[in-house]
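Have a look at this one before I ask anything.
Going by the order they are written in, the chains are A, B and C; count residues from 1 in each one.
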Amino acid sequence: MSLPLYYFLSITAVNILMSWALYLPYRVAHLHFIIVANMAISGYTAAYLILTWHLPFGLALALGFLIGGVIGYVVALFIGDAPTFAVVIVGFTFIYIVRTVIENTAAVGGTMGIFGLPNIGGTPVIHRWTMIAILYGLVLVVGFLIHRFDHSQLGRAASATFVDPELATSLGIDIKKLGMLVQTFSCTLAGGCGVLYGFIFKSFHLDYFTFHLVGILMTVIFVGGYATLWGVVLAAPVLYGVPLLFPPEIASWRIVIYGVLLVLVLVLKPEGFITPRFVYTIETFLSRGRRKRKFP
Amino acid sequence: MEVFIAQIINGLSLGSIYVLLVTGFNLLLLVAMIIHFAYPQVVVFSMYITWLVLQLTGNNLFLGALAAVASSILLNLASAPLFQKVMKKRGEVDINSTMVLSLGIGMIITDVLSHSFNKGFPIAFPDQLSGKTALLRVGLISILPGQVSSLVVGIIAVSGFFLLLYKTRAGRAFRAIAEDPSGARLVGIPLFKTGIESYALSGLLGGIIALLIAALLGSASPDLGEQVAHKVLAVSIIAGLGNLAGGLVVGLLLGILEAIVQGYISGSWSNGIAFVVMLVVILAKPKGLFGIKL
Amino acid sequence: MALNDRTPSKLTTTPALLAIEGLSVSYGQINALKKVSLDVFGGEIVVLIGANGAGKTTLLETALGINTPLAGVIRFKDRAIGGVAVDRNVRAGLCLVPEGRGVFASMNVLDNLLLGAHNNLKNAGKHLGRVYDWFPILKKRKDQIARTLSGGERQMLAIGRALMSSPELIMVDEPSLGLAPIVVNDIFNILRMLNKEGYTILLSEQNANKALKTAHRGYVLETGTVTLSGSAEQLLSDPGVREAYLGA
């Protein structure tokens, strides 16, 4: 596999996964930006342990998920049912603190970053194929889980909570438990993504875990459509891939373009491009097609 | 001890800037009924425009000040139609839409600033603004005229704002809408027109804040908006969204806390400590210390 | 005498101050008002009687400009005002004393009154003097926060606030709601006094006894339609009205 293709596929997979990690809590109206901090914490910790204690990759990845989950769970104890803006600020604050800590800790490379992570499986080629396999395997598993969630009682409860948390509570929905569930899942996923992201490049650098990433993820879910998981599937590859086709001078204005797109979508097409109604239309169309084919 | 006092003065100047920012934010929340996460970024944008004007006019402070206020008012008014369009219900805060819209606006501003002005490098304001010679020197800490003037102007601005709120027609309308938007409507107060007035007033405050920050810090960078925005938002959450008096107290406290920490610990960590303190408070009381209006 | 007749009035040759014809208003799927017609002539006190949910508040608020009607015409001083913004109608001389909402609890009495003059601040001093003459208790409490006023004082404040916009027609939504009987007497005396001073009054009430004794004419509103209209005496003596609305 060529290097550019590898990078495109792997980064797109991470974008899909991280956007889903933002999508899920937003089903209860929480913009859980802390996931960027989760990526950094799990990623840097895993990298450090691998380089200094020679931890095997699999264990490091599992640890990444675990750290993400623990942090997510503990924080959710406090903000599982908090108002949206509180969740946003907690996320931002975490990102700041984590960045400051990493910047000032020489052991994890400070502002220089961590380099020289080992190839999984020994050779670069095996490494790349393994990464793609893991990443897309994860995409399938997570996509399946989120799909099941959306089409379950929990998904309906989430939609009710999104519209009116007080009404949801009076309907018997435990919004704190629901919030804790989605927040913990997101943070777990983000932790694993952090480790995996680093292994795409075999290095970690603070430049990635920034508020730019927050902006990118937000653009993906709102432009793609925040009400179904398919919005992310469409928007993540397109928003990442299209700027790659532009000349570098224009591509450097990526973030501004994303911001403008975000504002335009909010004003003109608030539900995003892939709306639940659109998905329903496609699903009915496909099932009709299947039925048609049964008759010769 | 002298260091402590010097840092208190520093802290009060910084604090009054936070107070003004929280006040502008709360005004937009209570009267225009929007959550404007990027209000501080708009202020920083005005700072950059001021810098541009200063560069073009050979550091003409009067024109610079005019540019600050005018650009801030115009930018705020220009964002009004966007916010109006995404708000789904009239007379009620639409938290999600306005919040995400303002996050988007903040994204655009920060990145435009890091691309096009001064090639992304921090900009410096002329010494005349902050004053070259120290008024007071205590050990390694010196109090520049800029710090004192920013404190004085800050106090005047905050007092002026509260005076407006309690003694003028517009202020009465603001308070009525803040208490009960639909009741205000029934009484004949034009919600839309008054909302626009609040954008203009926030713009005016923003322009003043831009000048104060320029006087206090002497420089600005594209990241400044984001950093300040997050602190201001944390302050408003801790004080309780929409709580003007609470914002006054918490804003000043944050300024003093930061200044004291800065006096004793190096820069990078002082920021981190402020955030840790705020994080702990928000986690403990996500609805704010004094309760939220929403 | 047919109770549905429009009572002949000495004012029938001049157009009604407020003329509503065929008004229909809906909230989403709910039809709150269905082809309602009523007139209020200058110098009258007209009462709108109806139970909870009959549409009284909807009618008054639509006339004020809060809702846009689905169909029908509203004319004030012979100009069509359907869908016109509230502040324009207030400036034209129409105002509302809302049920339970006319007062801003966190603001003091003076500020509340000044809010009434929001659209006409130049003459505020003159109007304030008059309001203080009629309601000396408000003058006494002018720096007090409205939250600390009694129910009756708050209702007076709400009426005073409405007067500050120097209206021609004052609409009052359920003035007696939540007030003790003796206070209700005071409020209706005030309405009578204001009417003698030249204000036209349109009020809505559930418990119609006091209202019908104060008003000249009335309309009965039931689930969004006018079922009865006539002079106050006619309505007072109507058995249906007595049973449904005149309470104990």
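Convention: a residue touches a chain if its C-beta (ideal position, glycine included) is under 8 Å from a C-beta of that chain, and two chains touch if they have at least 3 such contacts.
Worth saying up front: this structure is predicted, and the values here are computed from it rather than measured.
Taking the definition of touch as given, a chain qualifies here only if it contacts subunit A and subunit B alike; none does.
Geometrically, the chain at the heart of the complex, using CA-atom means, is B.
Among the remaining chains, C is positioned farthest from subunit A, on the basis of C-alpha centroids.
Rounded to whole angstrom units, the spacing between the C-alpha centres of subunit A and subunit B is 32. Averaging Cα coordinates per chain places subunit A and subunit C 57 Å apart.
Chain centres here are Cα means. That of subunit B falls 44 Å from that of subunit C. On subunit B, the positions that touch subunit A within their shared complex are 35, 37, 82, 85-86, 95-97, 99-101, 103-105, 107-108, 110-112, 115, 226-227, 230, 233-234, 237, 241, 268-269, 271-272, 275-276, 278-279, 282-284, 286-287, 292, 294.
Residues of subunit B touching subunit C in their complex: 169, 172-173, 175-176, 179-180, 182-190, 193. Across the complex, subunit B is touched by residues 61, 64, 66, 85-87, 89-91, 95-96, 98, 101-102, 104-107, 111, 114-116, 118-119, 121, 161, 165 of subunit C.
Subunit A makes touch with subunit B in their complex at residues 29, 31, 75, 78-79, 82-86, 88-90, 92-94, 96-97, 100-101, 103-104, 211-212, 215, 218-219, 222, 252-253, 255-256, 258-260, 262-263, 266-267, 270.
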